[in-house]
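Look for subunit A in each of the two complexes below; its partner is subunit B in the first and subunit C in the second.
Showing the complex of A and B:
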């Protein structure tokens, strides 16, 4: 396994290079010229040239790419072109709030959706299954924005159960006071598709021969579900989980904007809006690295769940 | 003996508190709907950053909070400056005993404000390594400064090199000598961007001056989470400032949240998570009872009036306009058929409808390049063309823009006529585009949209790649010159987005620079406006009217036409 991990890590190098190249080309093609933002109301050719010089945008593209490569190697992306704050500081201050919301949301959503999916798969075809499937379909047809707007209006404003928005320096205050409503709405948005997806995973597994064999052996339904079906059905669950983990870093844009959570979602949007390439570079590279690492982790977890899986 | 010691200690502590009147337990909670960028006065120009800068730094002169129209008054100076007869030499006398906020950069010493601090602050706007967004206000303005800038090349300015035009005559006397007479220069100096900075603080935080503002203003920056939260606390070193018998500032802490979405902004205000707020577009009808016959006649909806919520309104010192690229072969130029095309498009645009529908009636039409409230405005001048699509079509027919077999007009030479309009991608942009499409459809002219981010469209315009685009200009200072320069030939491609070049307009503009505000200058402005009407480089848009609300416990709530904020005057009495 160690050799496998080393090989996979080595394979990440060309992948990361590809990401860097794509990002670099895209930014220079459609990313916008930040000098026109930084110039304020003064668009004299001299001012614009000075700004481009200071940002290094007057250097040749290969020279700029080399600077980018050096930044990736050192993981030091310099300062934000927009606010002139160190990129590392910006990201460090944003990641905490994003994870405070996204991590509980992911875990609670995963737990609830797997349990509900397993139950409705077990009673497949029953009224309960049909009702849950119908509710999920209806829930998925409504935009996330509608849940957020309606939830904030009714639950926070009209009923006064939660604050409209806010954030504190205290984790406990955030978890107790400011996170519950966005968490609840985030769950409402994510539960329906997850339940449907995991339900189909369970149903597929329950149709396999080994389940029939287990029943023929006289195993209880509970043992079949928990010991056999659950274990095999977890493979797609792990895949889905690992795929979503890197995006925790990006935060939940809409929830953060509506509930005043100073997370990464807003930072990404502002960086793109202001053509703030150092911030865009840092976020893209970190998400790319996280994606590759979690993919590797997923492969290792497959092996742990199912010994038949061979890592080659 | 003990009692005497206690008395001395009490008196000493009172003096140590200085003129501090602010109650640290009083917190004012406000919101910005756009993120700020930083707080170095020479590095940023956006409204939201300027609002913070205004409270941390002190310009030489400022505005009377209560006087209307806005009136420049001394701020850190003992009086308004002595100005030479030709308007070139301004001499300021600073009040002694004004101190910067305590900061590590001063190594434990109290740091007094001096004339040299203002000289340094002004020079920073000329520094090529700073790229001040306000450099257009100082470039070429001071005697001897050009040589200093030239000597710097792309490097830093030599701040120790004397400049004849920016001189500290002694500790408290600053003399500014302009290359040409300028009578609105005080208004420029009243801008937050020209607040005093201490050189040692700037140098101590050279790598991050945006996050370390150190000034003499009423507040200091306590906390900054970019794009999320800004906290100001009353500056204990702030000089004694008394208005109407009240020592300022009253509120000890100002918390600014960045709330970009309209619903949470509005709900946070009505749920008292914010003390003061503007009214988001979507909540206008919820908050205001707007008279359908006269939408400018508004009052609070009864349910909010009953709560004692206060409403303040102000007409922005701004204009919006749609410009034509005057260098473009299709829509530009001064040939009669080109003017006719521009005029016809202006006549087909339903401005009253957009004011009613998009602005919800909370705007007035622009009829003059200079808006109301700015020196030089002429309310009697009606420069906007009348909405008349039928007459617009007749005008196009007359100048040879014939309707082809496809039902669309062609150029007089028979070539296809298609106009591209630049636009953003927001929801409100889409609403505007629908009205423009309607106007062009009524003229049977093909219209396409070029979508882009603001900076990209700006770049395209500088490269002469746009045909039409809508912009707004807000007053940097309340003088007509700040608006009339938008069509000055030498500013083409810069502030003059239309690249309008008209010899007579330029001659009149240059003549107006030599005059003070008054009838003679107004006559020149009228003549320049007539040229604008005749040439139609712009389609006049509107001037917005903003409504702001404050809860009943907010005292001294009054908007100012030029100050971004009035936090130092506000009191909270819950």
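Showing the complex of A and C:
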């Protein structure tokens, strides 16, 4: 197991190098000369040369790549072009709000979708099953944008049940006042595909022979579902959950945008809006690292809950 | 073509044997829901074709009606404040002409203002076009789908938006499939070094979430339909690559490929004339999955302002106008977009399911 983890970590090196190369090509070659963006409207040749020197743009491309590589290895991406704050400081202050929204959303969504999927799978073929599947299909066809726009308008503006948007410094106030509506809308968006996927996981497990064996030896339906089917059906669920973790704080991008939550997703959008390259590069590197680590973690968890799996 | 004649002869000898495509079509035709979905998708593609050729929705920029005219059928469900008298419009126009002299408002002299020359040119062309076409006097009172805040016909806009969104979805998916199939074929067929290199490439692209990659690409590129298509193709080829790689690995050891090798077929011929036709049915399913995903992505990108340019419209760009309109009670633009988009996405997803059932019967 230890050797496996070491080997996987070692395999991340070329991938990280590739991500760095991709970002370098994007922002240093495709992106053109950023000094014009930085200089603003009143630029002279002197200021441009000065900025280029500060950014290291007057050096050769390999030398520039080395500068970037050093930034990645020390995880120090310099200062933001638009706010002049250190990038690390910006990101550190953004991760909290993102998690405040994303973690409760993940937990509630997982709990609800697994329960509903299990019930629907148990009564599969019945009217309930058909109605739920139909609702899921219809719900998935509407753009997430529409749910958020309509939800914010009706529930917050018209009915006044929630504040329209906002954020405070206290965690309790955030959880109590500002999180419920984004959480609810996030659930509406994510429940339908999750239920459909988990339902198919359950149905696949319920067709196996061991279920018939369990029935034959006289186990109650409850015990079959909860002790036998559930445990096996949760294997793909846990895997997909682990894979979705790094997407989480970007998945809430739209919600953060609409509800003024100062999280990672909002920061990415602002950075793209203002051509704030250091921030985009930093976030991409961090997310790539998180994705690779969570993929490894998913494989390990997979092994732990299913001893049949061989790690290669 | 001797091969085809022998095939035809074989068909004549045993008429029960039909190609996968014929069997698939037969299965699809028996699937009522799938067939209905196919018709809806075909209708949308026709509508989009008409949009691209300028036959429908080409007048979406014209201000044909009063601002925020409600849809004809739902007049009573619209806010009552939209009625504007001629005097109001005159007043608004006078206000507009005074505001047009913008150079004074910036508080900068003409030399300092980098946009001064552009503004002057724009004002000149605006004055010219205003003089050329005397102000459109007839603004309609009612339209089938209503009008937006500038009096543009929502129906025309939504047709044009359909054309744009479908263009982006279809061609983005096509391009992504092309990249994915080519790389997947090389990777799966040759294996070894080629596979290692391409797998590395794949792992780089999959270690960054799609949405972040899309945003990073659009941060450095200019806006516009072609950019959106390219960005989407560059970020979404990975699924097709993985599928094609596995298929080519599976097929390259099969007997028919060995037979092709024995009669002296080149690598290229074995890859694209022998193996590829045997896996195209999977590509078709993958294509429709990808198109739906890209249409949804395009809506989000355009909504955020990183998608199509400001002179074009799409479903996302129309939805971007919706929050401000909703606040005043003008719900019909959002309703029209939602209706069109949900109809297409539902039909496309149902078609995907039916295609999978029809063409890939092993997967249940």
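We take it that the second predicted complex is superposed on the first by the 299 of 312 C-alpha atoms of A that agree within 3 Å, B and C clash if a C-alpha of one lies under 4 Å from a C-alpha of the other, contacts with A are read in each partner's own complex, and residues count from 1 in each chain.
The rule is short, and it goes like this: a contact is a pair of C-beta atoms (placed from the backbone, for glycine too) under 8 Å apart; a residue touches a chain by one contact, two chains touch by 3 or more.
All of these numbers come straight from a predicted model, not from anything done at the bench.
Enquirer: Once the shared chain is lined up, is A:5 touching subunit B (first), subunit C (second), both, or neither of them?
Expert: Neither partner.
Enquirer: Between subunit B (first) and subunit C (second), which does A:166 come into contact with in this model arrangement: first, second, both, or neither?
Expert: first
Enquirer: For A:69, select first, second, both or neither according to whether it touches subunit B, subunit C, the two together, or no partner.
Expert: neither
Enquirer: Is A:275 touching anything from subunit B or subunit C once the two structures are fitted on A? First, second, both or neither.
Expert: both
Enquirer: So in the superposed three-chain picture, is A:293 touching just subunit B, just subunit C, both, or none of them (first/second/both/neither)?
Expert: neither
Enquirer: Have a look at where A:137 lands relative to subunit B and subunit C in the superposition and call it first, second, both or neither.
Expert: It touches subunit C, and subunit B stays clear.
Enquirer: Using the touch definition from the top, say if A:235 reaches subunit B (first), subunit C (second), both or neither.
Expert: neither
Enquirer: Taking the superposition as given, does A:257 touch the first partner, subunit B, the second, subunit C, both, or neither?
Expert: A:257 sits against subunit B and subunit C alike.
Enquirer: Could you say whether A:93 touches subunit B, subunit C, both of them, or neither, answering first, second, both or neither?
Expert: first
Enquirer: Residue by residue on subunit A, keep only those touching subunit B in one complex and subunit C in the other, then list them.
Expert: Shared contact residues on subunit A: 32, 41, 149, 152-153, 157, 257, 273, 275.
Enquirer: Taking the complex as given, what residues does subunit A use to touch subunit B?
Expert: 32-44, 47, 50-51, 53-54, 79, 82-86, 90, 93, 149, 152-153, 156-157, 160, 163-167, 257-260, 262, 266-267, 270, 273, 275
Enquirer: In the complex of these two chains, what residues of subunit A are touching subunit C?
Expert: So the residues of subunit A in touch with subunit C come to 14-15, 18-19, 21-23, 26-27, 30-32, 41, 137-138, 140-146, 149-150, 152-153, 157, 246-247, 250-251, 253-254, 257, 268-269, 271-273, 275, 277, 280, 283-284, 287-288, 291-292.
Enquirer: Provide the residue numbers of subunit C that touch subunit A in the complex, in ascending order.
Expert: Going through subunit C, the ones touching subunit A are 114, 200-201, 203-209, 211-213, 215-221, 296, 299-300, 303-306, 315-316, 319, 322-323, 326-327, 334, 337-338, 341-343, 345-346, 349-350.
Enquirer: If we count contacts the way the header does, which residues on subunit B are in touch with subunit A in the complex?
Expert: Interface residues on the subunit B side: 35, 37-38, 43-46, 128-129, 131-136, 139, 154, 207-211, 225-229, 257-261, 263-264, 267-268, 270-271, 273, 453-456, 458-459, 462, 476, 493-495.
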